[in-house]
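Each chain carries a letter (A, B and C) given by its place in the written order, and its residues are counted from 1.
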Amino acid sequence: MRVNPAYWVAGAVLLILPAFASDFVLYQLFGWTFILGMIALSLMFLAGYGGMVSLAQMTVAGVAGYMVAIFGESAITDISQGWPWYVSIPLALLIAALFATATGWLADRTEGIYTIMITLAIAAAFFYFFNQNYVIFNGFSGFNGVLPPELFGVNWRDPIAFYYLTLFWAAAWYFGAIYVSRSPFGLALQGIRDNPRRMAALGYHVTAHKVAAYAVAAFPAAVGGILLTWQSAQISPGTAGIGPAIDILIVAVIGGIGHPVGAFIGAFIYVILKTFAIDLIVFVGLGSERFRLLIGLGFLAVVFWSPDGVLGLWEKLKRSRGLNPLLRKAGRRP
Amino acid sequence: MRRFAENHPWWLAAIATAAAILLYLIFAIWPDWLVQMLGKKKVFLNALFNGITLGALYFLVASGFTLIFGLMRNVNLAHGSLYLLGAYIGYSVAGWTGYWLLAFPAAFLIVGLFGIVLQVFVFRRMERQDLRQTLVTIGISIVLADIMLWVFGGDFLNIIPPTWLSGPMETILVTGVKRSSGDLIYLKYPLIRIVIFLASVAIGVAMWTLLNRTRIGMLIRAGVDDREMLSATGVRIQLVFAGVFAFGAGLAGIAGVVGGTFQSIAPGEDVRFLLASLVVVIVGGMGSITGAALGAVLIGISEQFGSVYFPTYSVVVTFMIMVLVLAFRPQGLLGRS
Amino acid sequence: MTRGAMPGDRAFSAGTANALELRGVTKTFGALSALVDVTITIGPGEKRAVLGSNGAGKTTLFNCITGDFLPSAGAIRFFGEDITSAPAHERIRRGLRRTYQISLLFAGLSVIDNVYLACKGVARGRFSLLRPSRREAVMESAEELVRTVRLEDSRDVKVSDLSYGQQRQLEIAMALSGAPRFILFDEPAAGLSPGERQDLVGILKGLPSHMGYIIIEHDMDVALQVSESVTMMHNGRIFKEGKPAEIEDDEEVQELYLGGGNA
């Protein structure tokens, strides 16, 4: 199989980045990009391949983060069980997957556009539940002091180690999503997206496939949630609130939900904006809190003018330049 | 109704029993064992009435949402922002003019107008693109939320009702007996909440009548059932769409004034009321006004009882209602499959 | 096997089953009669063309056979089994396939993926997360079908980028997937260029001899080339049956068919 040279360039740059980038860039910018990208990838998998826009993927990430804090170690010793990582992490992934499966089953009880509403309601319910419940979730303040295990004697919160850790998982899920997209399961999911009735007529159990997709998509989100918890060493209801849930949708849509790479492009744009736009806004003379306005307007612009996100813009550009005759031919369609 | 009774005798029996118990709890003087079990009757009645009035408020917001969805299949996730916008407009108008009553038409008109703008510039341009419409309304709600935060600040604001509406009103319901004299103690309940409840009922009944007894209502209902047919009859469907959108948005605006009067106005209320609308219409049934009323009262009461009797799990109670409805009746209690 | 068979009716016994038998099938929509007392018997491996002007009841006939509509009266047997009121997916599992006039393909997937999905629907491992190897039996049959309908050059092209004619060819490949026993072709030549029509004739003639089908077709030329027998329909009734040559020369048919204005 011929590999696109862009992969080699991007891979090489990402691998040697720690040689010249600062800790801030590695830990904050790229660590966060990879984490957000993983969670957005989970949404992209459901929305892009399955046609199911779930706003509960951030909640899946949050559940995994909470479970690691509860079963593993944190500063809240009354609640945290302090079990070893090889118990707490698989358990966290399992519970997150079960949660996602239940969410998928509920969201698929009705058709089409209801999914987004039901998953939003589920995300909100769990945000309030985390907030109200002190026995298990420690209420408003959540858990702090949630640290990664010192596996192989490495401090995984060291910027370079954390960078490679998140890069590894981002790459793993990225290539995993591409691989699965051509498996019978992934193909069936795309078939369901294009024509559920025909799929049922061909003998597929459409509901079972959709619910299974939620279970599969839970894993990148759950790993992202655990890494996010380790990055800031804490998790609280705000981590998986309604705002972050919608931000994941924004990330996925800005990048483009047609291809897994869109999730990471969107995440990078979001992180850059969130980190540097504040300076720009202040420079223009507005208060730094106008960040949401900027994100909202940017999101609106993308949805209005390029529903396929940045990836869509890229395709348009390629078409107009005629770099790809095949795409150019297809370009006659609106 | 009769067919329901014939088809579901057990359901009917359960509903009748529940209604009888509820009536007893409301009107009887509670014996001691009941007080021991449930606490003071006053607390119970207050939770019940607060639940019903909260349900009335939810109904005002959700009925517009469900009407718009039912007719146009538009999922307007900026509906909560319309509520908050109405609240801020009502706050400003009542503040400038000094007339509380003026806040209502002002909020209805301005938010309704904004609804028309949304319908013409967003939904009409993206017909049959459900997902894109939904995404755009999310974007709009983010932008609106920040603009409102910018203009009105992050403080809690209150719309002050006129003096003739403030203060409690003595009702005919007995909460207990005075131990010393044997006199009956009557429940005092805020007059404003009673007025708002009655007004919501009036609006609900008016909407129902409009939909079921007038020509325009027939057109709208026909459109809910079959949009192609409506456009095939030569009705200027876009005009009907814009009108319904304006009305639904205007209702959310009015609800904002109501909510600003007996609760408070603050950033974040938009999301709260959007979620309340979502849950209410999921529970009640998409596109059904009666379903929205039933769902709103159910959710309002469950929230209030939840916060009184199981404070840590009040959200879970509401959520479980939604889950149960989705599991056993995914089209909603009064929705059609 | 023979539940519901009428005693003494030798034609309905399972052993020498005909591929498809319709007995007095009638379908009314309110006051409108779309099919009236239609009786057709198609032997094993027989290739039948159904001709008739628009509104003659051809597509309603297909919908009754596939189970999209239940007939108002009459009985349908498929290889001896009564399927008059069997659900649609049950008929598919028994080996009945059809193509549609409107395209129902998976627009976002490539040609091979479409055919692969169609083949995989009745196979095991539909939930597998592992990519199929080229040697997987289902993949091999999918590749074979792509060659059968002469789309091997467009194997990896997305359906939305195919030409209309290619989409129709793909539609046929989908109908051929999963070992069908009998296929209903609904106007496969509609909208095709003369060249593409010849390709279509080639594809249909290349089908194995045991695989019977009914083809609805407006293009008499195509229909008569690919069929062994012809049924003419008019106003929901059977008007005439015969060999292609007889039908072609029949003056009454000529008049009716060409006079219908829709040929």
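Quick notes on this structure:
Throughout what follows, contacts are C-beta pairs under 8 Å (C-beta built on N, C-alpha and C of every residue); 3 or more make two chains touch, one makes a residue touch a chain.
On a predicted model such as this, the values are computed, not experimentally measured, just so you know.
In this assembly, the chain whose C-alpha centre lies farthest from chain B is C. With centres computed from Cα atoms alone, the innermost chain of the structure is A. Chain B and chain C have Cα centroids lying 53 Å from one another. Computed from the mean C-alpha positions, the centre of chain A lies at a distance of 45 Å from the centre of chain C.
Averaging Cα coordinates per chain places chain A and chain B 34 Å apart.
In chain A, no position touches at least two other chains. Taken together, the chain B residues at the contact with chain A in this complex read 73, 75, 77, 130-132, 134-136, 138-140, 142-143, 145-147, 149-150, 271, 275, 278-279, 282, 286, 311-316, 318-319, 322-323, 326-327, 330-331. Per the touch definition, chain A reaches chain B in the complex via residues 53, 106, 109-110, 112-114, 116-118, 120-122, 124-125, 128-129, 132-135, 242, 246, 249, 253, 287, 289-290, 292-293, 295-297, 299-300, 303-304, 307. For chain C in complex with chain A, the residues that touch the partner chain are 88-89, 92-93, 104-109, 113-114, 116-118, 120-122, 125-132, 157-158, 160-161, 178. Taken together, the chain A residues at the contact with chain C in this complex read 179-180, 182-188, 190-191, 193-195, 197-204, 208-209, 212, 216, 326, 329-330, 333.
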